[in-house]
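What follows is a pair of complexes built around chain A, which joins chain B in one and chain C in the other.
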Partner chain A sequence: MTNILFYVLAIVALLGAAGVVLAKSPMGSVVSLLGTFFALAVIYLLAGFQFLAGAQILVYAGAILVLFLFVIMLLNLGAMGSKFELSFAPLQSTRARIAGCIALALALVGLVAAQRASFAAVPERDASAPAIDSMEGLALELFGRYSLPFQATSLLLLVTMVGVIALAKRQRSGDEPAKGEERP
Partner chain B sequence: MNVPSEHLLYLSAGLFALGLLGFLVRRNVIVVLMCVELMLNAANLAFLAASRQHSTAEHPALQGPVFAIFVITVAAAEAAVGLALVIALYRLKQSAETDAAAEMKG
Partner chain C sequence: MNNAYLDGLASIAPEIVLTVTALGALVLDLVAKGRDSVRVGYLTLAGLAATAWFLFGQWGQPSHTAYGMVAIDQFGNFFKLFSTAALAIVVLFVMHDRRERRHGIGEYYFLLLGALIGIFFMVSTGNLLLMVLGFELLSLSSYSLSGFHKGNRKSAEASMKYVIFGGLSTGIMVYGISLLYGLTGTIDLAKMAGSANLVAQVSSNPIPFGIATVLVLAGFAYKISLAPFHFWTPDVYEGAPTPVTAFLAVASKAAGFGALLRFLGALFLDQGGTPLGEYGTRVGTMLALLAAVTMTLGNLAALRQPSLKRMLAYSSIAHAGYVMIGIACMTRGGFTAAMYYLAAYYFMNLGAFGFLVYFEGVTGSDTVDSLKGMGFKAPLISMVMVAFLVSLTGLPPTVGFYGKYLLFIEGVDNGLMWLVVVAALNSVVSLFYYLRVARALFLSKASDQEAAPAPVLTGFVTVLGVATVAFGLYVTPLQAWATKSLDLIRSATGS
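After this line comes the complex of A and B, so read on.
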């Protein structure tokens, strides 16, 4: 039963990914990407990763996609097409054919590598089984063995924050709007 | 579920290939960034498939989830910086197309 659910969700994820590439407007791409992220979150849950499924929804669907939506609305790019339409126009150029060949070759390499790996069978996992990524085990790893990368991550986030503020700030210092009359 | 781990890797390869295709084909910078997110998600799925394969009930393989968490963090940072660059590009060129920034082409 859950196996069938996995295959349905895998198809949903792939269709969503195709929608990201083919959607006419960026808004359509965001909606397709949202579908892919949710399908992947449920796949993580089925595979026994409860924390990662939550993090996927919270961080990807909740934070990153909202950031994309903010920028699309800020730049008013969503107005290019109000309906969700697919467009095959970007795929009909020489550049697209070369890119398609590269992507196809890469996918084939991945498929063959996975095929040749010959994994042992995984035992059936039911919903009552404890998660692979239990909070306790994950915390022990993150704050024990991986505490240095964990702290490097905090540095990365700080650098990102400062960098984004520096990038998004208005460049001209001469005609800065006076206090109280900022542009909307 | 007891789907073989190969099938998770097949899905991962498919998602990565679609992300790469979009990254190379699309001209809208925002869609290009979304395709990068797609590729990072495919990498996450591969990490988790490997972790699932090597986990036993007594000894869960936690390297996979830990690296997936790091990937999610880096993806968030990358999206923030990338979108700030999109805004800066839009201010400079009034366009969010990759062809707008072509000064440095040979």
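After this line comes the complex of A and C, so read on.
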């Protein structure tokens, strides 16, 4: 039962991801992304991580997607098409087809290999590692053993933020472009 | 506050100093309202000097911190010190680059320092989670930096291509890591290598492990621009501001190699006879094939480049191929040779890019043709450039020659004769395009372009040139350092 549910959810997540890329309107992309997030949240639940599933819904579906929707509404991109349509235009070129064929062939090779592979054993969970399925266990791990990666992540976010601001900031009027910048 | 916590903080002091410096640069630029760009540069240099001082303080016995995630050892120090020095030189480039915009300088230095922190995490951890975070820290800073010339189409294109390629390869790599985790139940490399489960899996059916390894290696191959993951390199290197290109070509690439050496070293090195060790030789054969393809592609493409910047980009692809000879050996000697060559690569490539910064400032162009006759206008820096070119080709008496010599010896010793022949032929090909630059400098008729003096830039490029020749003549210290650094790789990853 769990296995079947997992496969169904995995397919939903993949379809959602494809929808993000293929949807014609930005609104369609956001809705597809929502489907992926929900499917992922249920997969976390199946794996026994209630808190992660909740956080996934609250943070991603609740906060980040709403922000996306706001941006799309504010930029008035939602008016481009109210219906959910898929666009396959990027896949029409010959090069894309060749690349797709190669990728498909590689995926098939991988699938066949995985099919033929016999797994020696499923590894045991590290016995010394505490359980992280509860909120308390997760917090102890996150702010204990993994405190350095946690802080590295905060630095990563800061760097990303500064980088985005530096790129997105409009050029000030008094700021002349550097010499030789308008090369063809 | 207990003492263990403070000790832990002390052992990541270089990273903390870098973070504080980065924030300081950002704030100082904000307070000075973008007018005082020189002072921000000096602050960054001071921070880098403090970092180097703390790194020297960590000389000695290897230790672990942050629950065994960060290894403080000679191997990490080797790459950290070189990256810190490389960044200091890049900052000097920025300060003396006539084309560099002055506004947004705080963000510029902040992102460079952020990239350096990423490098520090990458080369000093045996934990794949922290390694990926370091990878991303470096990558995300590099994406923004390569697009820093706003309004320039090439710069925007470079940034966009870099983001797409980088995002895809990180995704592939993380997928491979998730497979490795599934096979071993841990993300710590040392525990992974000791996992009984993995050994059983590899000896009965190595295919799942093979797929995982190839996927992870794809992520590394992107960072060090190994074929067939090199397509982003020429465009990004050409579009990015030249000091950033120097940073990407030297520090970022060497850091990718550092992380790759740690990954391969922890899993496969010194495992002769065991199933994992035997599988390592097969991975080595695959890497040897990639090395041959990479150096040939890089050199052949470099032949036809009119732009010096693009030529150096392709040449850096070719050099990644040379370094892979040592790694493909999958022996201690091979790894040491690769590290020596990387050290050589720091000197000669930074120098070559320094020349490019100077020369772009003078002529506003980066084509080899516009170099004509510059050798007589700016004799010192041009002569030093010829030394770098000789070293890049791999001719004596330079550090590049000895590095290549070591790589070739290790290759022959480990049965990669065919690869060494390919590399030797490639060196001959590279001679053509490197000499083209030297010919334009000294054997062509002078143009009427005046060479403006840039004493500081000329000064430290000359220092790099002297180092290139000096370490080529007196090879012992650098080689001893590389050997010593590698000796600790095993103990570094065990916790």
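By definition in this document, the second predicted complex is superposed on the first by the 105 of 184 C-alpha atoms of A that agree within 3 Å, B and C clash if a C-alpha of one lies under 4 Å from a C-alpha of the other, contacts with A are read in each partner's own complex, and residues count from 1 in each chain.
To be clear about the criterion, a contact is a pair of C-beta atoms (placed from the backbone, for glycine too) under 8 Å apart; a residue touches a chain by one contact, two chains touch by 3 or more.
Please read these numbers as outputs of a predicted model, since none were measured by experiment.
Engineer: If you stack the two complexes on chain A, which partner ends up touching A:Ala47: first (chain B), second (chain C), both, or neither?
Structural biologist: So A:Ala47 only meets chain B here.
Engineer: Pick one for A:Phe38: touches chain B only (first), chain C only (second), both, or neither.
Structural biologist: A:Phe38 sits against neither chain B nor chain C.
Engineer: Could you tell me if A:Ala114 is touching chain B, chain C, both of them or neither one (first, second, both, neither)?
Structural biologist: both
Engineer: Tell me the contact category for A:Leu155 with respect to chain B and chain C: first, second, both or neither.
Structural biologist: Touch partner of A:Leu155: chain C, not chain B.
Engineer: With the two complexes superposed on chain A, say which partner A:Pro26 touches: chain B (first), chain C (second), both, or neither.
Structural biologist: The answer is first: A:Pro26 touches chain B but not chain C.
Engineer: For chain A, which side has the bigger count of touched residues, chain B or chain C?
Structural biologist: Counting contacted residues of chain A, the larger count belongs to B.
Engineer: According to the stated criteria, A:Ser147 is in contact with first (chain B), second (chain C), both, or neither; which is it?
Structural biologist: Second partner only.
Engineer: Which residues of chain A are in contact with chain B in one complex and with chain C in the other?
Structural biologist: In chain A, residues 110, 113-114, 117, 119-121, 123-125, 146, 149, 153, 156, 160, 163-164, 167 are touched by chain B and also by chain C.
Engineer: Any idea which chain A residues touch chain B in the complex?
Structural biologist: It is residues 2-3, 5-7, 10, 13-14, 17-18, 20-21, 23, 26, 29-30, 33, 36-37, 40, 43-44, 46-49, 51-52, 55-56, 59-60, 63-64, 67-68, 70-72, 74-75, 77, 90-91, 95-96, 98-100, 102-104, 106-107, 109-111, 113-115, 117, 119-125, 129-130, 132-134, 137-138, 141-142, 146, 149, 153, 156-157, 160-161, 163-164, 167-168 of chain A that touch chain B.
Engineer: Using the touch rule from the top, collect the residues of chain A that touch chain C in their complex.
Structural biologist: 110, 113-114, 116-121, 123-126, 144-149, 152-153, 155-156, 158-160, 162-167, 169, 171-172, 175, 177-183
Engineer: Given the complex with chain A, which residues does chain C contribute to the contact?
Structural biologist: That would be residues 12, 19, 26, 66-67, 69-70, 98-101, 103-104, 107-108, 110-111, 114, 117, 121, 127, 129-130, 133-134, 136-137, 140-141, 143-145, 147-152, 154, 159, 182-186, 191, 195, 197, 200-201, 204-205, 207-208, 211, 360, 364-365 of chain C.
Engineer: Which of the residues in chain B come into contact with chain A in the complex?
Structural biologist: 1-22, 24-28, 30-31, 33-35, 37-38, 41, 44-45, 48-49, 51-53, 55, 57, 60-63, 65-66, 68-70, 72-77, 79-81, 83-88, 90, 96
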